[in-house]
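What follows is a single structure, and I will ask about it in a moment.
We just call them A, B, C, D, E and F in the order they show up, numbering each chain from 1.
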Amino acid sequence: MKLISDDGIRYDGRKVDELRPIRIEAGVLKRADGSAYVEFGKNKVLAAVYGPRECHPRHMQNPAKAIVQCKYNMIAFSVGDRKRPGPDRRSVEISKIISEALDYVVFTENFPRTSIDVYIEVLQANAGTRCAGPTAASVALADAGIPMKDLVPSVAVGKVNDQVVLDLQKEEDNYGQADLPIAMIPRTGEILLMQMDGHMTRAEFDRAIELGVGACKRIYDIQKDALARRYTVEKTEEEPAEEAPSEQEG
Amino acid sequence: MKLISDDGIRYDGRKVDELRPIRIEAGVLKRADGSAYVEFGKNKVLAAVYGPRECHPRHMQNPAKAIVQCKYNMIAFSVGDRKRPGPDRRSVEISKIISEALDYVVFTENFPRTSIDVYIEVLQANAGTRCAGPTAASVALADAGIPMKDLVPSVAVGKVNDQVVLDLQKEEDNYGQADLPIAMIPRTGEILLMQMDGHMTRAEFDRAIELGVGACKRIYDIQKDALARRYTVEKTEEEPAEEAPSEQEG
Amino acid sequence: MKLISDDGIRYDGRKVDELRPIRIEAGVLKRADGSAYVEFGKNKVLAAVYGPRECHPRHMQNPAKAIVQCKYNMIAFSVGDRKRPGPDRRSVEISKIISEALDYVVFTENFPRTSIDVYIEVLQANAGTRCAGPTAASVALADAGIPMKDLVPSVAVGKVNDQVVLDLQKEEDNYGQADLPIAMIPRTGEILLMQMDGHMTRAEFDRAIELGVGACKRIYDIQKDALARRYTVEKTEEEPAEEAPSEQEG
Amino acid sequence: MKMARAVMSEIKRDHIHKLLAKGRRVDNRAWDEFRPISIQPGFSETAEGSARVRIGNTDVLVGVKMTVGEPFADTPNKGVLSTNAELIPLASPTFESGPPDEHSIELARVVDRGIRESQMVDLEAMCIEPEKEVWIMFTDIYVLDYDGNLFDAAFLGAVAALKNTIVPAKDNDKGEDFPLPIRHFPMSVTAVQIENSILVDPTLDEEKVAEARLTVTTDENGDLRAMQKGLAGALTLDQVYKVIETSQRLGNDLRKLIG
Amino acid sequence: MKMARAVMSEIKRDHIHKLLAKGRRVDNRAWDEFRPISIQPGFSETAEGSARVRIGNTDVLVGVKMTVGEPFADTPNKGVLSTNAELIPLASPTFESGPPDEHSIELARVVDRGIRESQMVDLEAMCIEPEKEVWIMFTDIYVLDYDGNLFDAAFLGAVAALKNTIVPAKDNDKGEDFPLPIRHFPMSVTAVQIENSILVDPTLDEEKVAEARLTVTTDENGDLRAMQKGLAGALTLDQVYKVIETSQRLGNDLRKLIG
Amino acid sequence: MKMARAVMSEIKRDHIHKLLAKGRRVDNRAWDEFRPISIQPGFSETAEGSARVRIGNTDVLVGVKMTVGEPFADTPNKGVLSTNAELIPLASPTFESGPPDEHSIELARVVDRGIRESQMVDLEAMCIEPEKEVWIMFTDIYVLDYDGNLFDAAFLGAVAALKNTIVPAKDNDKGEDFPLPIRHFPMSVTAVQIENSILVDPTLDEEKVAEARLTVTTDENGDLRAMQKGLAGALTLDQVYKVIETSQRLGNDLRKLIG
């Protein structure tokens, strides 16, 4: 299947090293302690953070630090065929690797015995949701005021029609030759999430990493921008108002 | 489907404002703390009460009062096609609304941190089991000696062939136009359970309430009569007997 | 189906009172506290013991003694058609009766509030795995150093072509007329496990018991021999070695 | 922390009760006034129909997916409606992961009855071949932010999503795509009783101190299509009548929002 | 309260042991005597066959439902038996809601084997078309009140319910209704061992202090059809023989109750 | 006892760290050295293919079962691969009974991707009739003894079991039996990072103190086929490159063991 034209233009009009349009908003939910909404092309992902809060069940508590528990979920109508609600094997694996990536950036030792719960809901999917997930979740963690080393931008690089291309969308993912999602800390170059499947030579892998690292830096800027806007909005909203006592203060 | 004859006689020979034959017996089980058996036409329903007893799991305990947990269940051969054992969505909903109705009449504040467990087993179903349930359960609660505001008679009113009729049986329920189950305290007129589906004008609703309230009063009398008989029987049975120590006394 | 020739030779060449070749090895796993591997003809069964250890969940603890919890499981490719992983009704029942049989021989009163967990994994099945199970498990318990009254040899006797035969293999089990698995303490003649299904006259039952009791004695010798070999090996291996501190010692 | 929370909830309760005694609500609404409502139809491109509904801070996303399947044996010439609600833990600290609990089952079933019993969708038009093939409609309700009155938000979302649904006939080799045939626009209105006051569209804080809840679904003619009483308290018949009349009246306003 | 219960159960145990030492049981029965038995066949109008059985205070309801389905691949010309037992929490403070646990699974499987291995039902007569269609028989056992010896109550109920079953052929377009073809009347007798005494038909209190349990199912000829030893104690072979002989003898009495 | 265990694990951690500082491992292996490996192909007679693999004390049994079934709609002319891993409680005090948890799901999916993405099995040759019938291959991984590095033990076992598989065509009326058509021999190599050292084939004790894990699966040409980073730590890109190069090198050695 020919997904890239002879002059290097992809299925959806992008160049091989071009990201889809990205939109990030922080603080979009009222009940959650922190939240973020991310659009990554046609992906629509919502992340919420609750915590640090008491960890249930007890035997999962760590006396030395908080545990970071991420649940990644696709809603029933986020994909072509209706997905039955509840976790499937794919989402269990993705939840695990995102939990591990986020754990590294949170100062978990500040909150012993607690749980920091991160919920990622994929409202609409178009390839790359496992990268949109940590991108949104780390903004939501920051929105919740949880001390962190840094944000976690994430993107997938792939191989399509024997070319290494950035940020696969659905058709490229379905008919491509390889997929390499990564998440990293751009400042230090540390890799927090890395999977790969398909077929890549070492040279292709090196090119993919180059594209991915560059893209993560761009995503990182968009993340920071969303938090800056959120901060501005909060300032504006902070007017004294007669209000019932709020439970959050308890 | 013509379910009412031109002279107002229904499928099973009743008039529109006539209840099916009702039989209630209290104290029919030995292990339960209280029990009752109800026949409501061809419905056969058994209710048992255990408690107040320690509430498991702990986190469900209420330090201020007992919780009333009702489980409504239809046994596998209570209906035409075998019903797979285990709760379905319908029985989960019915359990919830019956729990809420019973909670109101029990003096739950007398028994903090405990659970009062009510089990309703539908042995044979012929429409109206969600009403036979609280009718039986409140007698079982009284049989268990649990302090209560009052008993909870319950009945469904419906609409069949454009007429408002009392106490639908199966064919009327299947081919009728509306169903309105209620449970109430006849003495005060308080409504504890009310659902409705189908199509009713406001005038039909008012007529339905009139029929339902009247029927609840009649059912209430049968409930009280069952408890009176139970009390008489108990008196008769209370003869001193050489017996092994019983666990109930522990 | 003719499974025994006119001169009394069975499907697999054995005589009616002959056991299949049996091989038992103790101490075959490193992580388990005790373990044993049993081949019983084409049956391959692995047993492991963990404990006495803290009993979870708490409410199952017995303040007066240890509880013995056996889980019998057939792996997915142990039988002709792939078996879906997870317990089925058959394995739940077998786990229960093996737990009960093992409970009797363990001095459970020595370890109040603990659990002794026994795992039996059927790697390859050819009829008689519920007997190979306790045979392996009791050797694993001894290997774990848990004080016991005695080992628990076990064997099935059956009825095939109207003859009572010892130790049914698969074809005999499928097309036979009766199956009688037993487990016992040969020294005292006590029966710890006994099931029967099919059709046996009282005379056939008596003959079956005779064959079974004799076979249990032979199996008992093989069990003891395996433990003796294990002990010898351990002695040989016990050379002082520079080693990292081991968790087992903690 | 638990103590703090208990004290807090005591204070909140008192606050609500005191205001009610003066005929006021915490957010200054009238007893029969909804919070601001926004409806965003077609939120999802992957669903056949969808709508995101906000009532105050309560935020609900509803999607409709359609597939071709077999009819039920007792309705061989009718399409199949299936309604599911997910109270995902993203929406509230009190929601837990796992299969639907009694709260989400009640929510789904009440919405389902309101749609089914009002005959909103012409199910006979959704039959492809009697006894063989019909359209199956899955309506999935996701609560994204929970601040009370899920029943009305979910119902409004379901009605808007169904209205917005295009049947994917072409992709299923069943001719040209067409909009879902809608016959009625039922509307649900929920009220709670607190100390004998009736309050429409309760916030979460109001729900927490409410004694009884009543949801009434009416059609364009003001006829009753579905009702559900909830919570462990009682209602007088007069209170029931009051909620019915309010539902008839406010239902007309809500219906205009759907367009 | 836990302490009280522990003390109570200690006292009960002593009481049972002391009486046993004098050759007596708590309820004055002989060691080989059943409690009063009542059988109410046809209790259920919605089942194809049913029976309610009481042994003393133990109360069990068994129903048979039938449907047309596919045979198992290895028995293409035989009907299918399926037996299920539900220890519903209504029947005992120790029974819990949820899927069948090891106790209800053991009960169902022991009853099932007794029926299946005795060839009670002529399964070949329950084949409609080999490899295609056979009758499926679901036997559901519900324990309503639990005072010991579920094995015999459930078995007696299952036998009585099957005997009472009318195959709903007409409703399934398979000709005229007919009674289930019964060939044998197996009977199960259960005894426990307490301090080397054998007691038939144990009450709940006796079961609680019992060391071992043995269920023996025999047919009209006194032949063995199924056995199941239970509990974490041992039996001598002499005790096994004693239970077998008692089962043969009492089985004949029980068989008369079925008629 | 918990305290003792915490102290013990602290001591172990220090021990591992101290040795690493001197460039040594607890069992004296080089950083890029596997423990002794044994492969026992054909362990199971009931599976169509099987292998038992031991890497040091880690012991894994893999079996392949085959059946005829329908293809997936999006790959109508390809056989179906299904991989499952069971971390049974027999293998470790930390494994629990129950459905697959996140650890066994990750293990199964990483092994599955390595096999699938390398196109090891010619899935098109496993089609019997397009859109109708294909061969379904179930690869079941059972961990019998757990002492670290399950990823490589399971992958080696799966490759050896598939190599060893005879397709049971005859029993399924599909012609003569034949060996599974194998095209490639991918190999997986796993390393962990501890205090910036890279260690291949970690033992359980090393895994417990590891900060990050990386599994790299390569084919005969040294091309990448699958990767998986795990654990809550980070890797530098240089560390990633080091593991890739080591995997390419050691993969060739492992491939020789399969023969």
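Keep in mind that, in the parts below, contacts are C-beta pairs under 8 Å (C-beta built on N, C-alpha and C of every residue); 3 or more make two chains touch, one makes a residue touch a chain.
Every value quoted in this text rests on a predicted model; they were computed, and no experiment measured them.
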item: Chain hops separating chain F from chain C, counting only touching neighbours; value: 1
item: Contact-graph distance - origin chain A, target chain B; value: 2
item: Longest centre-to-centre distance from chain D, chain (CA-based); value: C
item: Degree value of the rotation bringing chain D onto chain E, based on Cα positions, nearest 5; value: 120
item: Maximum centroid distance from chain B, chain identifier (CA atoms); value: F
item: Whole-Å gap separating chain B and chain C, where each centre is the average of the chain's CA atoms; value: 51
item: Between chain D and chain F, centroid-to-centroid distance (C-alpha), Å; value: 48
item: CA centroid of chain A to CA centroid of chain F, Å; value: 28
item: Chain E residues counted as touching two or more neighbouring chains; value: 100
item: Contact graph of the chains (line, ring, star, complete, other); value: ring
item: Direction chain D, origin chain A - full chain order round the ring; value: A, D, B, E, C, F
item: Of chain C, residues touching chain F in the complex; value: 29-32, 42, 44, 46-48, 50, 53, 71, 73, 75-82, 85-87, 117, 119, 121, 123-125, 244-245, 247, 249-250
item: Of all residues in chain F, those that touch chain C in their complex; value: 1, 4-5, 7-9, 11-12, 15-16, 26, 43-47, 50, 57, 59, 61, 63-65, 67, 84, 86, 88-93, 97, 99-100, 138, 140, 142, 144-147, 205
item: Contacting residues of chain B [partner chain D, same complex]; value: 68, 89-90, 92-93, 95-97, 99-101, 103-104, 178, 180, 185, 188-202, 205, 209, 213
item: Complex contacts: residues of chain D adjacent to chain B; value: 100, 102, 105-106, 108-109, 113, 116-118, 214, 219, 222-237, 240, 244
